Every structure is written in C-alpha cells, then in structure tokens.
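Below is one structure, written out as structure tokens; comments come after it.
Chain IDs A, B and C follow the sequence of writing; residue 1 opens each chain.
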C-alpha cells in the first residue's frame, strides 16, 4: 500500500507543477474529511483501533483529488470522500472487504450530481487563484472526440500531460512509469492493465473517431479521460479484483470493453469509473469463468493435439498431394504458354 | 451457616430478571407492533421497496402513495380473507390480485380527491401498488392464517410501517435533494440533487435498514446463545 | 417472399434495438426499481434465477402480445386510465394460467422447483410495470414487444448481477448491522449508480 501512496504522490507532484498550490488545498480538504470519516465509521462498526499501515483512506483521498478538475469547489472532494467511505467501504466491512472501489463510487456520485461543476478543465500551466473557481475553460480530448472533432495534441505534449484534463490523469509518462514500478514491485499484476489497453486499443483501431489515421486514434483514445490513471491505480485494488490470473485476464478484458462502451454511449467523462463499478461486482464470476474456460480450452486443445498426432502421416500425405497438384498446375500452365 | 433452601435469595432473582433484554421484557407488545417497528415492512421484510425508492422523493408523493397503499392493502386483505383456504395458493394469488385491481379504482379516486394530482406526480407507481409484495407475498403466508381481529391489527401495523418509512424518506429526500418541503422551497438551502435519483433511494433505504437492524440487536441483546437475537429470530417473510 | 424476409428482418432488428435500450438504459431493477422485492425474494430463497427470469420474460412478452391484439380490436380499452390496470391484471392472470397449464407437461423434478415461485413471477411490479409503461408512452406494437422482452431480460440480468455476490453479502465479513438485506440494497444502489452513467436525468413515467 505504501508503494501506491508513493506513486500517487509522484503524480500529485506533476499536478502541482501544472496547476499550482490549489491542488494541495484540495488534497488537504480531502485528507481531513477522510481522516474524520474513517475515525467516525470505525467507531460505528465497532473497531476501536485503526490498523497499522492502513493507508486505504489516504489513497482514496489522493485518487479523488487527482481525478477532480484542478479548480474544483472545495466542498466537492469532501462530499466525494464521505460517499466513498460511508457507502462503498464501511457497509461492506472496511479494509480488505469492499466489493467496489470506494474512490470510483464517490467520484461517480458527484459526477452525476454536479456535472456542470465537475467537468470544467483548464489549460496546464494556468495560474489558478487559491480560493476562486474562475477559469478559462478548455475542452479535454474526450470532449473533442465526443463532439466528433479531432484534438490537436502532439506526441510530446501527450506524454508530458500538457493538455486539459483532470488534475492528475493527464501525465501519461509519469503514470506509465508508476505502473511499471508497481508491476515490478509486484504490488499490482500485469494482467489487468495489459488487457484493458488491449481491449481499448482494439476499439480505437476498429472504430476510429478521428480521421487522421490509426496511430492518432490510438493515442487520443488512450490518453483521453481517466483510462490510464484508472488502469494503474484503481482497477488493481486487491480486495475488488479476482484472485486467479485467468480471472484477472477476463476482468481486464471486460473492463476495457465496458469502459469504451461507456465512452461512446455514456453521459460524462467518468465512463471508466462506471465500468469499473460494474466489473467489480463480477470479480467472483470472472474467477469461476476463468477456471471453466481454461478447463475447456485445455480439454479441446488436448483433443486437437491427440487427433493431429494420431493422423499425422495421413495429414502429411494429403498436404503433399495438394501442394504437388498445385505445383503441377503451375508448371503445366507455364508450359502451355 | 447454611442457606435456607426454601427461601431463595431475592436479590439474585431481581438480578436475573434485569438480565433479560428489553425485547424479552416487552415481547408481547413488540410482537404486536412488529410490522411497524422491528419487522418493518420496508426496512426489514424488504417489501414494496420500488415505490419508496423511485417515488419516495417528495413528501406529497410519499403521503399520497402511503395513503393509497394503506387503503388498498387493508381492504384487499380483509376482502380476500373470506376466500376459502382450500383453494390452492396458486389460484388464490389470481383472486388476490384481481380483487386488488378492482379495489384500486375507488382507492385511486379517493386518493386523488384528498391529494390533488397524485395520479400525475406518482405516475405508474400508483397502479403498481396493485401487485405490491405485501398483497402477493404475505396475504396467504401470514395474514389469512390468523383470526380476523389479530389479522387486522397486524395488517394495520404493516401498512403503517410502509407509510411511516415512505413519508420520512420522502421528506428527507425532498429536503436534501430540492431544498423544499411539500413544494415550498426553503431559500439558500444547500442541496444534493442526486438524492432524488433511484440509486440514492437504494442507498438511503439500505442505511436506514442497517440502523433498524442495529436497534434490533440493541433491544434483543447480541449474544449468540440469546434465542431472541435477531439473527436467530424467525424467517422475516412469515 | 424476399419482401417478407426483409420486413421480418427489419422488425426483428427494431425489437432487438428497443429491447437493448430497455435492458441497459431503462433496466428494470437498476433504473426503474421495478420488481426489486421479487428479485430479493428469489435470491434469498436461492431458487433458479435464470428459470425465474425466463418465466417472467414469457409473462411480459405474452401480456404485451395480448395488449397489442386488444389495442387493434378495441383501440381505447388499453389507454392509460384508472380502469386499465384491471384489464392488464386480467391479461397477466391469463398468462399465469397458461404457464400453470404448461407446467403439467414438465417433469416433476423441475415442476417442484418452479411451482412455489411461479405466482411471484406473474404478479410483480416488473410485469405490470412493463404494460403500464407501454400504455403511458402510447407505444406502437413493435416497441411494445421490445419493451416486454427488454424488461424481462433486464430483470434476469439484474437479478443475476445481484445473486453473484449474494453469498458474500450474507457472510461474516460484513458488519452485523449491515449483513444481509441492508448491504444488498447498498450494493444494488452502487450498481444502479454505475448504470446511471448511461443516462443523465430522471426518467419520466
């Protein structure tokens, strides 16, 4: 859990670099609300002592701060944290027992409640006033894609996060580095991020929303919204994901597909979060489906291999005949000419 | 000095008596008002949840639907009480629902007279009370097995259980979601608009159900060996 | 013949499109909350969720067909008014009697599982709700069938999503005050929140 906090702080540093100290004030509000809510809820469920090295509420507060826009009203992260902890975490038993990712639930709630306040982004590098929410609004890549336009972001800007979006969800290079660090430290497994990107890339290539080619479509669909941030930090919460690696492959694939469907048909930029909530409910099902699928694939692969081994001579003779007649045809046609 | 076996220690008896939980001491009364309190129709038995969640978002709707539910369920169960129990349950379900649908016509007219435009604001949830799970589920399995007067008391409690919950939830959701009470807006009241939507209804009713369960534990005592522990009590459907 | 096949294909696609819209955007349980008590009852009893869903889908489809026929013969009879619920309940009772008749030909093992729950699959808010929504919105026959199909399949899908976590929600990991029914409602609420990502505003019906 400390690895996740460290990497989130790295992302926070980028957000502060682009948008100034206002992000830190939002974080302070989220953290204060998280500590107070955690204290009250632990007492209510009968747990008197807070577990050592339990940073889950800090992680929730960090994720909520980084996925909200940089110039958000200060009460918004507070409401989001309260909903996240009181609705998605403690009723299900607290640390390690939650079915849903708490930050996803809190953000999904405020995203539906006040969409006109949540999805207001500004250009990176803008000096934000510490206590005012007045900004010059800029469209995020997701907005532009939804309105059938083509965003104008070059590859370097995309990597460095120099485009409008949520406070911490744009720094692609830093997010990718954090993801690789967490995978190497075995804090998260590679299956889920890999399958999410595979599924979303498939959709980006097959259904291009921009007319400048495959590479651009792939880039814009990947950097837009909260896909990378969600794939690294939210889709790998250990208590919400399947336990088996086969289950995790199915989980990641389903998440990628639903996230893209929410992106095409959903109402706001938090499509990945809604998809995550639905697929979290299916994590046990993914485990069972993974085991059954692996069993069937193994059985049929064994049968196919057995069939090939038993009939290899006949198959080779037939192949020789087909290839031979094909070559003879070519030679005869060459001779006739 | 030996104790007199014939006169037991009266202090011990008093202490043993006081160890009985609140539920055990008032069991008869609490069982009579079960439908309203400890086995509340909505918060414990899980009946007629749809109406509370979708239309329990304004006090006017809540009062109108509570009234309609009370009249419809009460008279339907009382009228179908006379249907002989020799008829199989599967066919009694048809009779129950047809009687309910028939009684809906006068009930809807009366409710519209008392609360104007309830048909418009409640939409399809007013006629949906016809197939509510109290009539379909509990008539044969609970109410029709009792004698008439105890059945009426039990039925009134169940019906009030729904009415109280929907009115309270409706009042709360209208206040927090729109900042108004019965349509009268309170100026400068901070609102959370999503509270009016169905998902908030599910979550709010779930949280209230948890509060009621906690109260049941407190009253009955939490020990597993306690036979009155809510976890050991009878199946909530019966 | 080719024209007939074209006509049929076009209407099948239309029905499928309406059904898909109803399953995802106006889901019976997650968006309209119709039939929640029935779903909780079935899951608690651990009966076959898919079988129940199949019977319920048959009820909604059959009732929709009958309403379309009545609409064609007596146009004003199924307009949405104070008397229409009685007609709809009568139609549902006919569908229910047909199912009971059909169960006579089913093996005893399956029949004994289905009989205790079949009245709940007929007389619930989902089936009556489908007919009332169709009447309120004054739908054409194709949309009505799509609505009936979508409500039934949407109910089955939603009940399946809830039943997947049923064992966990009744386990010892959940705090005592929330265990069982309260946390199941919170769980349904969070899934409903996720499904609301497809629609922005309150539905009017």
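Just so we're on the same page, a residue touches a chain if its C-beta (ideal position, glycine included) is under 8 Å from a C-beta of that chain, and two chains touch if they have at least 3 such contacts.
Keep in mind it's a predicted model, so treat the numbers as computed, not measured.
When each chain is reduced to the average of its Cα atoms, A sits farthest from subunit B.
Nearest to the common centre of all protein CA atoms is the CA centroid of chain C. Chain centres here are Cα means. That of subunit B falls 25 Å from that of subunit C. Taking each chain's centre as the average of its CA atoms, subunit A and subunit C sit 33 Å apart.
Between subunit A and subunit B the centroid-to-centroid distance comes to 42 Å (mean Cα coordinates, whole Å). Counting only residues that touch two or more partner chains, subunit C has 177-178, 182-183, 186, 189-190, 193, 196. Of all residues in subunit B, those touching 2 or more other chains are 197, 203, 206-207, 210, listed in ascending order. Residues of subunit A in contact with two or more other chains: 87, 91, 109, 112.
The residues of subunit C lying in touch with subunit A in their complex are 161, 164-165, 168, 173-175, 177-178, 182-183, 186-187, 189-191, 193-200.
Every residue of subunit A that touches subunit C in the complex is listed here, in rising order: 45-46, 87-88, 90-94, 97, 99-100, 105, 108-109, 112, 115, 262, 265-268, 270-271, 273-275, 277-278, 281-282, 284-285. The residues of subunit A lying in touch with subunit B in their complex are 79, 87, 91, 109, 112-114. Put simply, subunit B touches subunit C in their complex at residues 44, 46-50, 53-54, 89-90, 93-94, 96-98, 100-102, 104-105, 108-109, 119, 123-124, 127-128, 130-133, 136-137, 196-203, 205-207, 209-211, 213-214, 217, 222, 231, 236-237.
Those residues of subunit C whose C-beta lies close enough to touch subunit B in the complex are 30-38, 40-41, 82-86, 88-90, 92-93, 96-97, 100, 115, 118-120, 122-125, 127-129, 132-133, 136, 176-179, 181-186, 188-190, 192-193, 196, 202, 204-205.
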